[in-house]
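In structure tokens below, several structures.
Heads up, the next two complexes both have chain A, just with different partners, chain B and then chain C.
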Partner chain A sequence: MADPNAVKSTIKNYILEEFLPGEDPDELTDSVEMMTLGILDSVSVMQLVTFLEEQFDVTFEANEVGAEHMNTLEEITKLVCSKL
Partner chain B sequence: MAGSESEVKPLERWLGFGVIVAQLALLVAVATRYRFESPGFQNSLPWIAGAFVVHHLLPARVRMHFFVVVSMATIAFVLGARPSGFDFASAFQNGGALLAIGVGLIAICHLPVAFAARVALLGLVGVILIATRGGFLAEGALPAVWPILGALFMFRLIVYVYDMQSAKERPPLVRSLAYFFMLPNAFFPLFPVVDWKKFSAGYASDAPLQLYQHGLHSMARGLLHIVMYRVVYYHFYIDSSQIADGESLLRFVLANFALYLRVSGQFHMIVGLLQLFGFNLPATNHHYFLADSFTDYWRRVNIYWKDFMVKIFYTPVAFRLRGRGVVLPVVAGSAAAFLATWLLHAYQSYWLRGAVFFSLQDGLFWLILGVLVMANAAWEAKHPRRRSLSKKIDWRATGMAALRTTGVFSVLAALWSLWSAKSVGEWLAMWAYVDADFVTGLVVTLAIVAACKVGVEVLEKGGRGDFLFGKLPRGARLGQVLPIAAATVVLPLAAVFLLGDARVLRRVDGKTRFVIKSLKSNQPNTADLRKMERGYYENLFDAANSNFVDSGAQAPADWIDFPEIEILKQTGDMRFWNFAPSRAEVINGYTFSTNALGLRDQEYPREKAPDRYRVAVLGSSHVMGWGINDDETFESLAEASLATARPDGRRLEILNFGVGGYSPVCQLGVMREGVLPLLPDAIYFVAHGVDGALAIERLARLVHQDIALEDEFLRDIVARAGIKRSMSQLAMQRELPPFAKELVAESYRVVGDLARDAGALPVWIYLPRITEQDANREAIDELRGMADRAGFITFDMSGLWDEMAVDDLAIAPWDMHPNAEGHRMIAERLEEIMQSDPRLGFSPQEQQ
Partner chain C sequence: MDFAWSAEQKELRQGILEMARGSLNDGLRERDERGEFNREGWQKCAEAGIHGLPMPAEYGGLGLDALTTVGVLERLGYGCHDNGLVFSINAHMWTVEMPLLHFGSDEQKKRWLPRLCSGELIGGNAMTEPASGSDAYSLATSAEKRGDRYVLNGNKVFITNGSVADLLVVYATLDPSKGASGISAFVVEKGSPGFSVVGEADKMGIRTSPMADIFFDDCEVPVENRLGAEGDGVALFTHSMTWERACILASAVGAMDRLLETTIRYAKTREQFGQRIGKFQMVGSKIVDMKLRVETARGLLYRAAWLRDQGRSIFIDAALAKLHISESWVRCAEDALQIHGGYGYMRETEIERELRDALGSRIYSGTSEIQRVLIASLLGL
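== the complex of A and B ==
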């Protein structure tokens, strides 16, 4: 059973590094709606999925790549943990 | 107003609801005063407002059921609505068919078979429905049902079945029915592609009163978009054929781009209405004129469409290619999305209008936009764009974004003008008009765009954007909501409402009054009326190429346009066409008969009897009587009324030489070939304000079709204008505007001379079109002056329609020809004219 906090931390670090360089980490809270705000879009979400699949050795379905599953850090963490 | 309902006292809750209802009442009043958008919408709004109140008062568990009932009743209401009243049989028959087909389609999505089998079955049924809609299986079956069925199911069914693939359980039937039979779809066929998951997850996901306030804000925003659209449409928009210099070119380019305001306005209205009934849906558009990249534009302009494309096409393709570099998945996914967008726009056109619409401009538009977005997305994949959660304003980044916005705005405006141009050649040729005025105007426009971009960025970063754009914090209380409601709903709507008040209109000058009155109109503008008359006449005998202008009111699929009537025959001379003799047709439900002389009139002997006074009326579709019965034309009414009115005892006979599409140039042919051999005593030439423009088109057409020009002045104008048969008709038309006045004046002169030489009295009558209620005095006086100088006795019927609403005079919302009541009014005015002027021989003074 993976530690959700560790998973979340890994995902958060990746997002900060790739998509929000220089951003204050405290601004990216668990409930920030990244797809709604344009932090994640159809291009960057594909990069994120590739990272998650490689990092956690999981596989995503195409219908999971959407705002209903990947809008917030919390939702992404929950989705990844459900596959571990 | 009440994030946590339990914390809010009942008094505050009821006060809050009262505030909502008051705002809704104001919105209904504005929508009614300004005739938003279709009659069906205007008529349904009070009923929807009532349903909203009942919906709120019902227990939460039955609210969605109530929404479904209201939606279905509204759809049935629209299906049964007729100008003459409500047709219960039609509503029952069409509504029943719609419901049966719809429930059948939903049922297929839930059949207990493999997903692939369900998709295959849906595909098969879809093909059958498409074939039936096109009349291939059952010609003319349920014509009223297809556009609404298409509007309800054409896209949402794709989203729904896609999501059923991964659904863990079958959704409640009532939710599925609510998703497909959405209330606003009854009067807004062009509809945002609402996502099933967002629709389901968003239902009642916020406190009701907070959700209602969001809905009202969306609707107010939509109304304001449509007001802005009408300003653009009525006062800036021009047809491409009117481009004559840099200034008009800029108007064409910018106004076409801005016409999207109508779509965004309707979409905001739709989402707002759904929010009133508990569906917490996101905005459909977001400051799309302020996009700072092409991908940003794609993300802002139609957010629901973008989400639809990403979900069904982009993600599955890009997902399969993930891991194969950064660029390939993005490019391949984007290509799939844009190819699908292009094809699905044609598919949408087929369902809503009954015809697939493909053109080179259309294909190029989507190809170029797709390439721009793909290139931009590939660039962003390699060089991530700057994103930030910080509320601090970075002035350098904001300045750069504003600069990029001007570039994106310019390219997209040019691209939209390609989509709107009649041909690629025309679009390329129009850039020859770029001059200093164009550049100056463009620079000013882009400076305004850049300033707006900076302003919005500052407001959003500074935290004031939420207030100005009506966003409420979760759990907002009444005290927080009131200022937002006042600023974003009440004040703008009250201002718009008061602007249209009769007392305000009386206090402003004529030009301002004209602008304000135009905002209340939902009729085609002058340019589109010209297009309608061209679309109506242009491709005569080539109806397949005849496209009806999208003026908001769509003709039903079985509506017959003038070029399609079977009585027409080509003449090969300056008339182009006339009627076959002794024929009868029923056209759009009206009788249309011709006599042995080939006139739309009763029978007359070719030889005029000595005891008859014969008048030949020359004109176009208004004289001919398009859209009314044979015995309802003003010519026949006036003839019957004044048959024995002549003091000399001669019985009046008025011969109707009106034929749709005739211009002053055509009347030269009519005079020689039709009128003069019948020895009339008087010629009544009925003129309109568009005669000059129509004469230009007809002369260009004559040269294009190599028809012999019998008149020296026509050959002279052709030579001086430098037009040749080898040129396109449009290119010829561009050269002719400087000769328009001369063309009309000389045509009048020749008609007048021909009449006098034959011993007939030439009479000229100006007849305004029903949309011409604010007469252009100068232009009419100029036309009348030409007729005076040509020796006509002239009369002006301007002001005939001033006391009447256009809707009460038009034969149909999509066709602005006068109806039977309009012809009755023309006949009355004509009788007054004939009896009041002794020169015409109908008044007792003449006898003295």
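== the complex of A and C ==
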């Protein structure tokens, strides 16, 4: 059973490093709507999905790779944990 | 990775090759000159199972994996010289059938997929607009929800199959202030109120694949025709484009095989300065480069398809395949034409048409420049 907090921390660190370099980590809360705000655009979502697949050895359905399931850190964490 | 074909796969590939050679090439030169779509050929391909290669049997497809599918399309491209027809089939498969399969409701799949697989319906994808090409998500076509309908306004350009399509997957924004997240996809059927097709594009190559502009003037689309959830447009288009980039040029690998064989045959029979021209190192070297391009293109194609079959996302692999196959196809056609000299420049040898057809592959499904931008981004650059 994966620890959701550890999963979230890994994902958050990746997003901060790749897409929000230099930003205050506290600003990226669980509920920030990253796709709506453009933090995650169409290309960075592909990059994030590729990272998640390699990091957690999971796969995603086509309809999961969108704002409905991957808009916030909380949603991404929930989606990944559901596959572990 | 194991790319050896089973006996069953070999039989399927051979059957498609024979069908293509026997049924799809007559009158091509004239159709190319007229810019004419081969509807009869379309139907023959459908009857051979091509339109539904990767679609589940319950929807009328053959239910094949991605690797087998590209392997069959490769043979189609080898046997069928009509690259425009093959292009139209690919657009239909990857940008209409595939998103319907993965984002459509059960009712939508049952309603459209069997008739798309049988060739009765022709599908197309409507994304590009006059001011949004590579920057696809800056589109301006709007959708407004009114009761049990969406009302679409705007226009789309360079729509493959546009003038013959029975249904189009149309991307429009419900809320421009949300940027890409405001985009949704809708299945718009021919004959919908406010839907019109304008003109027929007069293209340089793949002239037998119809292309037109589409207008939506208060075009009414039932709510049940929305594909996926509201705001799913980016996910849907990314999905379509990834499949398309991975698979659309499978047939080009077959076409490159054909160009290579034609060129080797010519270099072994044409004599100048008292010997076969293939004996001249500069000619031989060009042919070796052609062979290298064909094999590396095939390797990237098979690898992307194989990875897809393992359930992995193939964003970078699809972009690499698209980029390399398109660039290789153009270079192969150029080399074939150059080695054939004046004869290659003449229409009768059909190499000049291959070059015209190949050039488009650097542009559609994302230009070579966009593929490089995408790959660089996915590498974290």
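By definition in this document, the second predicted complex is superposed on the first by the 84 of 84 C-alpha atoms of A that agree within 3 Å, B and C clash if a C-alpha of one lies under 4 Å from a C-alpha of the other, contacts with A are read in each partner's own complex, and residues count from 1 in each chain.
Convention: contacts are C-beta pairs under 8 Å (C-beta built on N, C-alpha and C of every residue); 3 or more make two chains touch, one makes a residue touch a chain.
Everything quoted here is computed from the prediction, not taken from an experiment.
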Query: Does the superposition put A:Gly66 against chain B (first), chain C (second), both, or neither?
result: both
- prompt: After superposition on the shared chain, which partner residues are touched by A:Glu18: those of chain B (first), chain C (second), both, or neither?
  reply: both
- request: For A:Gly38, select first, second, both or neither according to whether it touches chain B, chain C, the two together, or no partner.
  value: both
Field: Which superposed partner A:Glu27 touches (first chain B, second chain C, both, neither)
entry: first
Query: Comparing chain C with chain B, which touches more residues belonging to chain A?
result: B
- request: Scan A:Met46 for contacts with chain B and chain C and give back first, second, both or neither.
  value: both
Message: Is A:Cys81 touching anything from chain B or chain C once the two structures are fitted on A? First, second, both or neither.
response: neither
Task: Mind sorting out which residues of chain A both chain B and chain C touch, each in its own complex?
output: 18, 36, 38, 41-44, 46-47, 49-50, 53, 60-63, 65-68
- prompt: Quick one: in the complex, what on chain A touches chain B?
  reply: 18-20, 23-24, 27-28, 32, 36-39, 41-44, 46-47, 49-50, 53, 60-68
Message: Going by the contact rule set out above, which residues of chain B touch chain A in the complex?
response: 162-163, 165-166, 197-198, 201, 282, 295, 299, 307, 310-311, 314-316, 318-319, 322-323, 326, 329-330, 333, 377, 380-381, 384, 387-390
Chain C to chain A touching residues, read off their complex: 102-103, 137, 178-181, 228-229, 231-232, 234-239, 311-313, 315-316, 374, 377-378, 380
- line: As the complex stands, chain A meets chain C at residues 18, 35-36, 38, 41-47, 49-50, 53, 59-63, 65-68, 71
